[in-house]
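By letter and in written order, the chains are A, B, C, D, E and F; residue numbering begins at 1 in each of them.
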């Protein structure tokens, strides 16, 4: 049974991914596993009561399990309980990737689009720098999400976010020919690339944790360093305007100091990048939350002020 | 000579529009006219010294004049001085509209696009409401700007802003089919319509002043009233979801309470509208400021945080 | 026993109103009802353990019940437990209105004051508009509260808030004769009127929920629409200053953009209205919270910064 | 001629008060006096060109002068120019107080009301403390304004502000009998008292400057010290609740930390005090600005957000 | 066993201090004691199930107990459970002070340093005032912490904070001889002194509660009053600059209005005081939190923005 | 005559540095030079009327001139006027450096201290990185200021700021041995180093302008790049904790996102660095402003909230 279809007091059977698993003890000192399981349609808390010592050493985050269980309502939230559980075997033929929500476009196709976009960059130095940076994380782009829970939180979500932004940039550049299309596209390709240094668990398409290095530096400063490194590698002066421009775009893409950009957009393409990023990420967050919910009124959408969206059916 | 080409210590001759004209007195008690003149390429302060009583009754804002004069630098700003001046005559064949910057697309064409868009709205009640509101200001859409100085401050600027947003909306709806295209387009057509009640001088393509009614109510609340009126007119229940949705879109299009929206976006189309509005108005403000300046670094752009943009030529 | 008098480990018996009721399950999968009950003196959470299928279909929000139970302390909050429970019957003679806190003045008397105030408006058009709007919700004014929990959260609370503000306005106008008394009084009568479109459950004197329409538009914009409608109805030009002034007062009564007013007060009466509203609502919130508590230090008062009030007995 | 009636290009003759006077030099090195003069109806800048050495030693702020002069418009502001000037003599019979706007109620009457209010305080210790503090500045209450330019900026303005607030408090206490009337009235009498330590020039009914001590401590902390001193004087324990309560009221009367109150209102009377203070000071600021201007739209009112007020004549 | 060494599923035996103790009831109505116990190395929640009526009257905050118990993990936090418990007896020889973390320097030594510092103040009046104020709380300085949990939250923490700041001030004055060393040192000695009026439980080295007087006035205003009182006592004019300066330093030491200082620093020594206070309190908070935790990443540090600190071992 | 000693109506003669020079025209169309001149004691505006074409091509910012002139008061500010002016010649023997305020310690001595500090770094990789970065700007450290006008705005001001912070860090590390002294010192040496890429005119000890690259990237991100480059150069992994730590310190040294740090301090040494930076820069700004003014009350100090400082002489 898909998690999206689970309701109060139903029984279920199926394969799921363990997102979290912690051994805890009840007030009367018995061990149990407090877990969260997920599939492509959502996630749900799961209690596995009265576990054995063996169980504690068997079930960890990132593993695929087959579970028979029941669902109940607890503090107005659904929660599942294990009746039977075992690890998935090779014969089951169920992979992690089968259970993580995936970008609507296959990651390999996304990568192909990204490659084509790089190939289309006319400015030679710019192309070298972008190619250098993207090639370093090509593997990860097949799987990494763009965020933990706010937006594009799924397998290949990062590459998907890049590609959707490229489409938008393409259109905006047609509307506004004074924009340097090479620069804007390069900025999009680079801006979130170092999220791969911020996220743990990204190869599974999920973010289980932020890395220490990610917290201490942030993806914005790391990609700026990579651009610097690329320039050195290809004997481009770090003072060259093309280096400055690319670094400016990645540094400013959050749009405001209080969102973690150390400087404000001061090139038209930087402004365009931050606006397109905001448009795409917010709309996607809303689309994801709405499609994952059966309610008419979806709340707690962290990507937007107020956090509430209604679904309205205007017949 | 075009105003854009005026430089320190040059002489000029040409037709210009008076944007402001105030009679003042020098410290030694002589009258002079303190004016601002403009053409399609920019504006410049103009001093008309030692005026006669006749002069005082001749030159007013909104009139076209022929001027011979000189330019000098005063407190790091250019300023012009009248050598000779007279009102334009019919034989001169120069109209106000010749001297006001105009939207890149002729207003009649913009109106045609707007009409076609209305015609394309599939939802019958929605179309009635939008048609009612737009038809009320059709005349003004041929001339009104979208703002005083921040963005789209030119002849037909309001209609141009609407049409560019419609293009963006069209693209975004293709990317995100879950959006109600009728609703988003209607929101765009309506959102700034009542700026025609906020601006004085809009028929000339400029904003000389805000109206009292505009200051006391704001265009957001006035258009909400018009939607209500349209519903009554067509016997649509004001509680009908279509009325609520349209009003919600116009009320929320500034995106934040502190920008004057009394409620936050809570429909996906409302979020899309506010994002598209921000993207189009900021990019246009930057484009206009950059194209109007010969400097590499343009400052004081009120539409964006920091207010500074560089022009960078990546060869 | 009145809820106000319930203390740790006491037993109680009485009639109460169910404010909320949700079926939940214990960790070991048993159903129970998680409720909140109230009377005129306060409210308390109530657990009804081991319920039958029948119970689940019997007890809902808005119903009057007779309960025998016990009180205990749980996480520093009092909580009640059902020993015996049944629905109130006609013979019991207990109405919902007996269990909801009521404004200190009977609603019918409040309505009479409101009617008299309308009658006293000298400006003919203003009177027509106010009369039109108030008459539309006269029924609801007999019961609706002014808020969910912040201030005047009781039966007839909205009308009570209006009347107390009218008294204050009367006094302020005596102090400051330059104020237009008709306008200020009209503004008070109108400003919160459309809360009746925002609240669910208002006929019971409580707010169980906000309506979708209330969330999407807000009471401020809805009353502005009504004023517009009234003007149309009585053939008053919407551009007439009296319409603009009334709409300005209702639009600005929250006093700040970040509180949801789309424009700031720009008429003396608008400033007076927002100040009087703030004075009355905050003082009432404090008075209600203090009188409902036996503590010397009352905390979590949402209407005021800091949220804490001491009761001090200066002998 | 009254300053209020001066217009562009008129001549005037009359007695005025010098508010500021500075010797300056023109670009070509001639001395002149740059002054501001005022009467009860307003103020205007005044230039006195080509002054003698004698003139420089004759005209200072705070003196009454007889001036013949002319008015002109300079940078959209009216400005006067001296034709003839001399100091007022005893025979002229014009006092400073004739030229400073005065509270609508004679200061001696205000003081009488203040005395009666003190006499009406029932709580003995409270009365002692209030009496001690008020008596220390009784002289100054006959003249001091309540502010430099924001509100009640006139002769006796401080006492007038106190009396108007006492009236409001009286009314609010009738509406809300749970308030301790003695405490609220005492708070009003004390709250702004130490503005007399903040202002220079207050004996003339104007604020020419803030004192160093006023800037370093603020009137809020100084009055708190005085209350402490009064307690010591009358052998009341500083820990006595009545001392704490009075100090709390004065410390919190600005209502918010960012307005300079070190703690937030936590007694109902403290909340009432800050609300009544805000209501009275804002309304008075608006009333004063409106009555001093002939414009329909008055701008730059510093006491209110937005700073703009319209005068609307609803016939 | 020290609390710092307690881990999941271990057993422990030892003496501890009860920080909080509340009688609660389980869902099935049984009484238990919900406590927090502490020793010099940290604190941990403790459940004492199935208590007797006697138990309820025996165990209170502030008492020393001997406990045998077990530790388990509950919602990712460690929590202890009582197996056996009794009050400490005289024979046990364990004092409260043995179980409260103490400043690294013995309080008596801290007091000696404070005394020496006072003795070193050259300005006679200043010395009198400081001596008067410090002597009033000398007893409490032996035990009071500087805060509840943010910084220096331990026995003698307040005096320790003062002494560390004095060291820093000494160094800064050497770097910047233009500073008045007497004034800066006096400011440090006085600035937090009246926290002894804000805290309950300070004689035990802990803060169990804030006093009503502390909440209503704040330590900043109380010490200002004491300085005023000292001036009166020694016949120093309250207007004397030395009084103003000392009061200014204590009033401004929080550095910003929104942190509760009613005025901003306007003397160099006031700026130095607020900077040194911030430096010492934040560094100490971080040092305390880091040393009390075995984690590499310590979170929820309330004294700093973001609240997270990593321990990094650069080999 | 030193600029500090210039007063209203005095005559002066001396050598000065031209800080700014712009050709302007009077209202009656005559050219003049609008300049600012400075020496080690301050700066003053200077008008050079009726200039020749030769003059326009002679006097530019950065040149030393000999001037005879007079001083007058204009709009309450002192302003100088040229009587006679000529460029300094070699025989005059006056250098730019003679006219720019210089750090109290000779720059070569500051550099020696910086070198010694680098030599004292025990951690080998850290030393390599710091040495690499500092050596790149050693030349500039002899002259560059630390800011345009806020703090340390003088010849060698940047090196002086570094050295004073090193002294403070030395002391703080003694107080708090848990701090990694190598890391803190390295952070201080690096944190502002790339201001040399932000400032134009720094070789003269002044900031005439910000560079485009400085505005687009900011010194914080540039030094982060240099650290990355140093790591590559010395074959240190960019992921090495020492690289991360150094980058973290420079990225976070502004202490808050809204001050332009993209991440918040999360290492104790990063917190110490931002606190020490704030302490030193604010105290220096105040010391500089106070010593440069003869007023008792110095205003407009941009480095501090409120901007006002009093000089108080406690006899």
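Everything below uses one rule, namely that a residue touches a chain if its C-beta (ideal position, glycine included) is under 8 Å from a C-beta of that chain, and two chains touch if they have at least 3 such contacts.
It should be emphasised that the depicted structure is a prediction, and the values quoted were computed from it without experimental measurement.
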From the C-alpha centres, identify the chain that is farthest from subunit A.
D
Same or different: do the copies subunit C and subunit E touch each other through matching residue numbers, with over half of them shared?
different
When the CA atoms of subunit B are placed over those of subunit F, what is the turn angle between 0 and 180 degrees, to the nearest 5?
120
Between subunit B and subunit C, tell me the centre distance in angstrom, where each centre is the average of that chain's C-alpha atoms.
43
Distance between the CA centroids of subunit A and subunit B (whole Å) is 40
Centre-to-centre distance between subunit E and subunit B (centres being mean Cα positions), rounded to whole Å:
60
Give the residues of subunit D touching no fewer than two other chains, as numbers and ranges.
212, 215-216, 245, 266-267, 308, 310
Contacting chain pairs - touch in the sense defined above
A-B, A-C, A-E, A-F, B-C, B-D, B-F, C-D, C-E, D-E, D-F, E-F
Within their complex, subunit F touches subunit A through residues 212-213, 215-218, 220-221, 224-225, 228-229, 232, 238-239, 244-245, 247-248, 251, 257-263, 266-267
Contact footprint of subunit B on subunit A as seen in their complex:
123, 126, 164, 167-168, 171-172, 175-176, 178, 180, 182-183, 241-242, 245, 255-256, 264-268, 271-272, 275-276, 278-279, 282-283, 286-287, 290-291, 304-306, 308-310, 312-314
Complex contact set, residues of subunit A against subunit C
47, 70, 72-76, 81, 296-297, 308, 310
Tell me, which parts of subunit A touch subunit E in their complex?
22-25, 27, 29, 212, 215-216
